[in-house]
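Labels run A, B, C, D, E and F following the written order; every chain starts at residue 1.
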Amino acid sequence: MYPQLFVVLTLFVSSAIAGDYCVADLNLPDGPAGYSCKKPSKVTVDDFVYHGLAAAGNTSNLIKAAVTPAFSAQFPGVNGLGLSIARLDIAAGGVIPMHTHPGGSEILVVIQGQICAGFIDSANDIYFKTLNKGDVMVFPQGLLHFQINAGKSPALAFVSFSSPSPGLQITDYAFFANGLPTDLIATTTFLPKDVIKKLKGVLGGKN
Amino acid sequence: MYPQLFVVLTLFVSSAIAGDYCVADLNLPDGPAGYSCKKPSKVTVDDFVYHGLAAAGNTSNLIKAAVTPAFSAQFPGVNGLGLSIARLDIAAGGVIPMHTHPGGSEILVVIQGQICAGFIDSANDIYFKTLNKGDVMVFPQGLLHFQINAGKSPALAFVSFSSPSPGLQITDYAFFANGLPTDLIATTTFLPKDVIKKLKGVLGGKN
Amino acid sequence: MYPQLFVVLTLFVSSAIAGDYCVADLNLPDGPAGYSCKKPSKVTVDDFVYHGLAAAGNTSNLIKAAVTPAFSAQFPGVNGLGLSIARLDIAAGGVIPMHTHPGGSEILVVIQGQICAGFIDSANDIYFKTLNKGDVMVFPQGLLHFQINAGKSPALAFVSFSSPSPGLQITDYAFFANGLPTDLIATTTFLPKDVIKKLKGVLGGKN
Amino acid sequence: MYPQLFVVLTLFVSSAIAGDYCVADLNLPDGPAGYSCKKPSKVTVDDFVYHGLAAAGNTSNLIKAAVTPAFSAQFPGVNGLGLSIARLDIAAGGVIPMHTHPGGSEILVVIQGQICAGFIDSANDIYFKTLNKGDVMVFPQGLLHFQINAGKSPALAFVSFSSPSPGLQITDYAFFANGLPTDLIATTTFLPKDVIKKLKGVLGGKN
Amino acid sequence: MYPQLFVVLTLFVSSAIAGDYCVADLNLPDGPAGYSCKKPSKVTVDDFVYHGLAAAGNTSNLIKAAVTPAFSAQFPGVNGLGLSIARLDIAAGGVIPMHTHPGGSEILVVIQGQICAGFIDSANDIYFKTLNKGDVMVFPQGLLHFQINAGKSPALAFVSFSSPSPGLQITDYAFFANGLPTDLIATTTFLPKDVIKKLKGVLGGKN
Amino acid sequence: MYPQLFVVLTLFVSSAIAGDYCVADLNLPDGPAGYSCKKPSKVTVDDFVYHGLAAAGNTSNLIKAAVTPAFSAQFPGVNGLGLSIARLDIAAGGVIPMHTHPGGSEILVVIQGQICAGFIDSANDIYFKTLNKGDVMVFPQGLLHFQINAGKSPALAFVSFSSPSPGLQITDYAFFANGLPTDLIATTTFLPKDVIKKLKGVLGGKN
């Protein structure tokens, strides 16, 4: 009597898989909606768990800060699920410089320390505030925003995104850390050429 | 004079195909938005027609009911089109137990017999009603719902979904028909262990 | 001890409502995503049930057929849920003329009789087949399609859509049942003016 | 010379606002895509910051746990931005019982303590693991999942969602904490009536 | 000190790529959301630039008009980006016949000459107007529309779409330029058979 | 005999409207998906036509350029249709400075003159090219991009977007044309304070 039930239920197994999740197989081609899916038979719980955010990022650098992403390229389990997460470590005096995420909104929760965070909208209005432990702030998609350690001890935050692959574009890095010609930068940003050249020097951009 | 028209129109043929439909090729990788597409040159009308719902499902089983899906895994023509369909056969005394479709809303139309159908929402409000032939009921995405034969003769209904692969999760089956440890079920459902073990026995779950 | 649980759960009640469903309030403004929502406190099971498809449509008309929709304007419960349904009655000799649904794909299931159904894609390929009781056919979004009674007795089908408000544009009605100037129709369709005028006469279009 | 620049830029201000964000005005009607927007002129940084997750939830209750949401109903700034967040406090011995979020996927990061978390998919496969501080786990949309304190001290986690209003349906609460008739529950869940009545007693459901 | 910054930034490079764009690789399988992506390492600026609309289309044809598309099949750079463009050349006396785009809305800007453009909605209301140089008109998704040269000199327009692959279905071509049986056309359009046969002769349809 | 047909068709009229279009009523509240819809009975062809791009923008300004948008705030007919358009006038020596559109991708077609256009992606790769009359370039959503007149005569281009309200954020304006504190700008951009102050002076920012 029961086998028939199992037949019915087994039928659903194959049909339902596609809609539940799509763990990224980074070796297969990707498409506009994300990476191709790993075969269901090879998926294990370890595809849905990520340990890479457990350790603090190394903040011994220029910005005294580190961003450790768990986007679909690092954490294939989020592929197709419409969200991802990252860890922010900001040492005293550290800063996550002005940047945007072209593909998603961001929500930040402070775990430790104090962070001054803010964004600028299309109407050119400014929104910034100093956040304490447990405070949450949301940054709408694609807008320029920043985070600064506002205290005297290291700050820790987790930031979630409305996309498994939100992208990241740090303005300084986009302007000064590649081969964008100095003349072109000057023309499109009104910055003095000597300043551009100096920042290229610091950030590794070619002249 | 006409060949030029055909040139123009032929141009559109290749460009337009992608947007019209994407019959699933189950042998190619799938992605977050569904299966890869069968080559247009191999698509025939039979890809858009499905005969699998014409025969009644076998209701000689525990639940005296059968669900026969035409999701993208069974009916590749619906892949990417945002909808699918299934057939419900519920014998007298039969029931489609409490379940959810994680990936889509459902609309049910009664073709024969009487069905008592209902759902529970996130606010914990209950909505149920006895439906007669020709009546339609909608079940919002992801909410627990059920269908019971409310008459003395077999009932037949067709249910459509807002996804080509809406998934199906029958609560009892999720709890008692796999290897979920009895202790863990007890802890997360407050059900007595003897009841859990008994239902595992009925539904094939491992202890 | 329990009141705290209820506090927690009550918190979710208000927060969760918005995401579960949005029964249309046709008296409030609508937006790009559909109608505004009826207040949750006024929603009852009757908002999710529709009786309007139980009776056969009147097929004593020019096309010997009737389409009875349960779109969001008739069945407010589907608003925002991504699907809707309609009933097709096609008497012997009847036809649902060439038409499109600009806003959604369609899936048809034959309940009674025989229906010859088909569509034409952007590549100008033709797909049509005679469907029997229980057969299912899918029509991709926005493409021209038709249904013809292929038997000698009345045919009945239910059609579901991937949108709560898929729209309907019957080609003949769009060309000949309004005030579109005869010259303009002739220029954009290559049809002879006398044919246009005759069809305007039949379908009620102004000259 | 500059006034013209400001004219140009001022033009954009009004046009761009709509696309940047839509802080919920809970007094205006909501729609399928979320709440109506607060007037831009009244929006301040406080609309984008939420303090409600800073304090631990009260875990002196049946489940020894508390879920504190920052969904659009509590934190209007996330409305329309495709994400939200909540705080989980789970005392030693505590549990977030089996539940689903009908409207979104979830990502969890452990801040303190140990949590055993898991989910069951549509194919009835089980995925669970004990997570330590800094570990991340993702739960695909609409699937049954749970979180249990796996240590001897209080556990704290933040969970983010791919929707500003993901909903929450706790299975036990849906079955036993409202007026769903005992017979109907028994029929649709196969649970013994005495067990149902006992759980109704605990959870406040009517008989 | 700086290498650490570069490590951090390099991490983002791989993670971010997927969300920025997805230049179509026409040799890989396509899916419901579009074509698979070209490997990022092979993408150059030429993937984002298209020269194919620079030259006027040949209007020495039946309709004295030409449509030159830059859809994802011609211009792979738009794949996944939600938009595309095409060039319309309409000689004096020329016309773009009644047609629909099943997969997207259209916006037209007149560059040269005068164009009478219009559409018919699902409510059967007619909207048409003569547009001059610099005028813009929008045509909602899936609705029948047309463009006619309303002046005495050649007209040029660019039309953009809300989809990288909006499709195109010219009504006349769908009815009369393939093998759709004359009887079936007559039944579903009410057009006289002699007219159908004549138009098939002109447009290349088989009898 | 015909009245019945009209009854059937009239039924569709009310049901179909919602899905066809949603002309913005700027006096009603807006929501996450756009503005509320103007009543269908008040919609005319003039809602779908926009004359505001016919005249050249005034380029007698700092950037020797003008952007004239036809977004939903200026051209309510595009509301909800997933696209919009704007006109770029760039005098000799003019430039559209580095900017992003947070809410949409952009496609540009050169109508007159020569334009050097480019963008920088999340991987920090640079893509730029000089475009001639008739050339098309696409800029993926949210990425920094610019346009420079590369010739000696005025340049004209039309740019379309994949959103009716894509937003616009000019980096210089976001940094230097509001009240963002100089210290905060310096900290988050590494720019020297004297340069920041000078640019604030030029662009109207407060110190």
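The rule is short, and it goes like this: a contact is a pair of C-beta atoms (placed from the backbone, for glycine too) under 8 Å apart; a residue touches a chain by one contact, two chains touch by 3 or more.
Keep in mind it's a predicted model, so treat the numbers as computed, not measured.
For C-D, the equivalent interface among the listed pairs B-D, D-F or C-E is D-F, as over half of the contact pairs agree by residue number. Ranked by separation of Cα centres from chain B, the top chain is F. Two chain pairs, A-D and A-B, are compared here, and A-D has more C-beta pairs in contact (counted per touch definition above). Using CA-based centroids throughout, the chain positioned farthest away from chain D is E. In terms of their C-alpha centroids, the spacing between chain B and chain E amounts to 35 Å. Each chain gets a centre from the mean of its Cα atoms; for chain B and chain C, those two points are 21 Å apart.
Chain B and chain F have centres, each the mean of its CA atoms, that are 42 Å apart. Touching two or more other chains at once are residues 9, 12, 14, 16-17, 19-20, 29-35, 102-104, 118, 121-122, 124, 128, 140-141, 143, 167-169, 173, 177, 202 of chain C. Working note: touching chain pairs come out as A-B, A-D, A-E, A-F, B-C, B-D, B-E, C-D, C-E, C-F, D-F, E-F. On the chain D side of its complex with chain A, the touching residues are 9, 12-14, 16-17, 19-21, 40, 44-46, 48-55, 70, 75, 77-78, 81-85, 87, 104-107, 109, 111, 118-119, 121-124, 127-129, 131-141, 143, 158, 160-162. Here chain B touches chain A in the complex through residues 29-35, 57-58, 60-63, 66-69, 71-74, 102-104, 163, 165-170, 173, 177, 202-204, going by the rule given at the top. Residues 1-9, 11-12, 14-20, 22, 25, 28-37, 79-80 of chain D are the ones that touch chain F when the two sit in their complex. Residue ranges of chain E in contact with chain C, taken from their complex: 95, 97-98, 100-103, 116, 118, 120-122, 124-126, 128, 140-144, 146, 148, 167-169, 171-175, 177-180, 184, 187-192, 195, 199, 202.
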